[in-house]
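Before anything else, here is the set of structures, which you'll find just below.
Shared between the two complexes below is chain A, which pairs with chain B and chain C, respectively.
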Partner chain A sequence: MAKTITIDGLSIPFEDGQTIMQAASDAGVYIPHLCHHPEFTPHGSCKLCTVKVNGRNCSACTFPAMEGQEVINNAKDLNADRQKITQMLFVEGNHFCPSCEKTGNCQLQAVAYHLNMLDDHFPLFYQHRELDASHTDILIDHNRCIFCTLCVRASHEHDGKEVFAISGRGINKHLIVNSESGLLKDTNMTASDKAAHICPTGAILIKHTAYQVPIGERIYDHQQIDQVSLNSEQVDHDK
Partner chain B sequence: MTNKIRVATTSLAGCFGCHMSFLDIDERILELAEVVVFDRSPITDIEHCSIDCDIGLIEGGVCNSENVHTLREFRKSCKILVAVGACAINGGLPAMRNFIPLEECLNEAYINGMGVENAQIPSDPELPLLLDKVRPIHEVVKIDYFLPGCPPSADVFWKFLTDLIAGREPSLPYELVHYD
Partner chain C sequence: MQKFIQDLITINRYQATDLLAVLRAVQTQYHYIPKAAIEQIATLMAIPRTQVIGVIEFYSFFHLTPRGQYELLISDSITDHMLGKHEMTAYIEEVLQVKLGEVRTDGLVSFDNTSCTGLCDQGPAALINGYALPHLTPPKIDQIADLINQKRPLDEWPQELFEVKDNVLKTGILLDHSLQPGEALHSSFKRGLKETLKELDISGLRGRGGAGFKTATKWQFCAEEQAAERIVVCNADEGEPGTFKDRVLLNSHAHQVFEGMTLCAAIIGAQQGFLYLRGEYLHLYDKLNAILNERRQLSLLGSNIIGSDFNFDIEICLGAGAYICGEESALIESLEGKMGVPRNRPPYPVTHGYLGKPTVVNNVETYMATATIAVNGGEWFAAVGTEKSKGTKILSICGDCDKPGIYEVAFGITIQSIVDECGAHDVLGIQIGGPSGTFISNTEFARKIAFEDLATGGSFIIFNNTRNILDIVNNFTHFFAHESCGFCTPCRVGTSLLKNQLDKIVNGHGSAGDVVALEELCQLVKTQSHCGLGQTAANPILTTLERYPELYQAQLKKISYEPGFDLDAALETARRLANRDDAAAHLTQVEEG
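For the complex of A and B:
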């Protein structure tokens, strides 16, 4: 008999070694997340996937599923915390959706929509951050980086390169690229790299592809991220 | 007339796009006018708010001293104050100047800009002073509701106002919430 946990009262089967996130996703239960991606080692940094496991807060993307766990996921207080976390991500960076070409296809924005975030709540930082447009095919806009490290992991684990890393701590944390000049053009990154397509926000973009999908046909125009995420990530989990 | 709900509107550091979008409710404005009377607003050209406004709609962020005065007048006069659009909510496009020192902005526009003649930075005492940074309005006064969008669509205005006027807690369905 398969081992099970419960999520919001539903019985969810899991296999040994699976995280709560993996078990949930396989069973068609959405847990909000940004730094988690089924193809890569979990990082546990964005904290959006915080769930209550037997009464204690845990990151679903890193916490192993174990027989008999009672998990609370879709609860008012957890979603309120998730909304606050998302608001903090928005005020810490410079997320001007109307002038960002990722708008409509952006996971950060979609999670905010899903959590019914209508304002930023906190004072905005307006931190000055740089652009790196040096590469012929790829643009980095540090204003939109949320330090999820998906590009770091994709470059390392999938592309077999070490193009990205996170440097500094706390508020001084920032994304760096692996070249003496510090510019993306002097790395071995190419537009076909997984790392060029993994960013959940508009921080890493492929040049010359902006605004090709009209409003109304973008990923999150009519479908919420819970549905989109389950449809796309279940396939990855099943591999 | 006296029983009508008083609505005041203004555009601070905005482009009037939110007001234009509001007017896109088209003929529904007649229905609205049966229950609503416009107070201070670019639509009426009334200069100051009556003290008993019910709803204040604020477009745009806060970029100068006059914006601060206007916003405070609205807060004082309106029972319910609403941040309308991206600029009111996070500063929006005008806040893009926040990454450039104010002096550089002024020099670029009035001293070193292309085609500038008789270069001087405007300093007439009648002109409102610029703030060093453009701020969202919730950093200056308490805001009761937020309508995101650049601009929020006419349906957002309609849904919000009809909810509020009917005494319902306003709520926007998924398709009406967007930041762009």
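For the complex of A and C:
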């Protein structure tokens, strides 16, 4: 008999060692997330995947599934909080979707659509953030970084490099790169690195490929992120 | 510099876990961490340079740009404000010719704010190159300014400038029963370690940091974990504004604290211990190390402790200005030489702590209590206090009262008795448990200090009727925004949004709806944040909004909408460019209706 938890009343099987997020995505249940990626060690920082486990808020991406858990995921109050957290990410950085190359392929934008976010709600911070265009093939636009650390983890865990890190404290947190000059061109990063393709927003872009897929024909232009995420991440998980 | 860093790292045989110690030494020597130092440290310690930079930018006491040869930091706690921090700041700026937040042009002195220095009973306080300067007065500032301008080294400064008082004003079962070094260990070995853990269980002792987890249970869990090595950590990162009791315990009862740690090690089977001492308590560092040495001489630390086959030693690790490191998993990260970012839980430190080893983290006062219980027994301790909160609590009482200082009280004591005892008059309210705790009004003095009513790690700040509640809340809210580690979205962005939203209201720019928006934001930060810092960061606003809603409402303008920014102020640059300041060059914010 497989062990099970329930998510929104649905019985979901799990294996020992799985997180709630893994069990959910295997069973085709979408839990909104941005910093989670099935190939990398969970981080638990964006807090979009917060679910109620036996009445207590937990991050689904880090919290282990355990027999008998009653998980609430798709609830009005949780989704309202998720929408506000997404709005926080928008006002913290400088996200101008209409002029961003990532539009339509951006997970932050797609999550915002999914959660029916219609405005920023909070006052913008207008933080001054730099652009690093030094690398011949890769561009970093710090305006769009949400500190999910996926590039940090991909570089460390997949590429076997240490190209990225998060530095600073509180609202002054920022992404740094591992070179004496502090510029990406002086790191050992290449465009074939996983870290170059993992950014959920438009903070890390591959140069010379912009607009090859026209707006209107991009990933989230015709599909919601819940479906895209389940399809791609289930495949990833089975590898 | 190259030789300095080479020697520093090789002579001390520093590992990656010692990064904070290395950076502290470099900061002390050069008053910043030069770029070349970062490269050399990364190479010698075999860690990515990004880890070095990350740590420098995380901790308030490390800097990437030069500070003055004399780094002067003034404590920005509300209690320092109440004792004249603003006046002293202005005076320092005048006599030292340096503005707050700046380095003097000759590079001799820099001046800035710092979070609560734990000298709340003897403020306004400052730190000079890390060393505590209590009770600033204009004559003292004159003296300090002369010493700085004469470039006199700190060890030539008059000792009375650095004299920190204990101010113990009420003792109870803990402070009355000082032990001889080794007494608790002898009693425990004689009784048996299992039996001693049982006594600890009977005592009902709960963690004194504020969370109140039962100590015997924590030790039991750690002991049961299958592992070759276990770790004992004492949390002396006493950063909650208004708390200073650990400073006094370590100054005058360190043997007992170390004895409690050693007892814990004997019971759980640990060989390595750490005292994580907040950087602000640098003045205690040498004294504590001397006591550790004394204990090694007495065979109370080291190999074959008191003739048994038990080996254990303690190392003191200094913090570098980060309130979040009081959170136990952030503290462990810091001990490992990293940024103090709280870990995901589970796993908990009792199973995966320092370097993945099962680790007990307890507060200074908790360890002290365990040593006393080991001698006097569990029943003796449990006879004091309430059913759910056994024993006594050591309070740091400060703010508006005649006798600020340390008070050991039995759990269950009413706030009224404390107010009477410390000589507080005309009280408006009391902040119990620090900014992360609860603000109570003067109608709630029948309430009790206890885990089941008003829990506190020790902070007890009294405000009289001359104080402005919104000023207090504003100070606390800015504190949390400054100390948020930035790991999770709700706290990183939320504490800064709270700060801005509260500023808007306090500065008279709030309109209808702004208090509602503030309260909504509070709930979001409270329920969605990753750790205790974020979960309690909205408490100052929430607990005062609940008690004094009219105070907040009175700040609001009688208009339905107020822009988030100041229109007229936004025109300032344009006015300067056009060299105009006539009436037509100004805009009113919104037509008042």
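Just so we're on the same page, the second predicted complex is superposed on the first by the 239 of 239 C-alpha atoms of A that agree within 3 Å, B and C clash if a C-alpha of one lies under 4 Å from a C-alpha of the other, contacts with A are read in each partner's own complex, and residues count from 1 in each chain.
Here, contacts are C-beta pairs under 8 Å (C-beta built on N, C-alpha and C of every residue); 3 or more make two chains touch, one makes a residue touch a chain.
None of the values given here were measured: they were computed from a predicted structure.
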Which of chain B and chain C A:F164 touches, first, second, both or neither: second
Figure out whether A:K47 sits in contact with chain B (first) or chain C (second), or with both, or with neither. second
With the two structures laid over each other on chain A, which partner does A:S99 touch: chain B (first), chain C (second), both, or neither? first
Thinking of the overlay built on chain A, is A:P123 touched by chain B (first), by chain C (second), by both, or by neither? both
Using the superposition on chain A described above, determine whether A:E15 touches chain B (first), chain C (second), both, or neither. neither
In the overlay, work out which of chain B or chain C sits against more residues of chain A. C
With the two complexes superposed on chain A, say which partner A:E70 touches: chain B (first), chain C (second), both, or neither. neither
If we overlay the two complexes on their shared chain A, which of chain B and chain C does A:E217 touch? Say first, second, both or neither. neither
I'd like to know which partner A:Y113 touches here: chain B for first, chain C for second, both or neither. first
Once the two structures are superposed, pull the chain A residues common to the chain B and chain C interfaces. 123
Chain A contacts chain B in the complex at 90, 94-100, 103-104, 109, 112-113, 116, 118-121, 123-124, 126, 128, 215, 221-222, 224
Per the contact definition, I'd like the list of chain C residues that touch chain A in the complex. 35, 39, 48-51, 53-54, 57-58, 322, 339, 344, 346, 481-490, 492-497, 500, 521, 524, 527-530, 564-565
Footprint of chain A on chain B - complex, ascending: 83, 86, 89-93, 95-96, 98-99, 133, 135-136, 138-139, 143, 145-148, 150, 172, 174-175, 177-180
Could you list, by residue number, the parts of chain A that touch chain C in their complex? 42, 44-48, 50, 57, 59, 62-64, 81, 84-85, 88-89, 91-92, 122-123, 125, 146-147, 162, 164-173, 176-178, 180
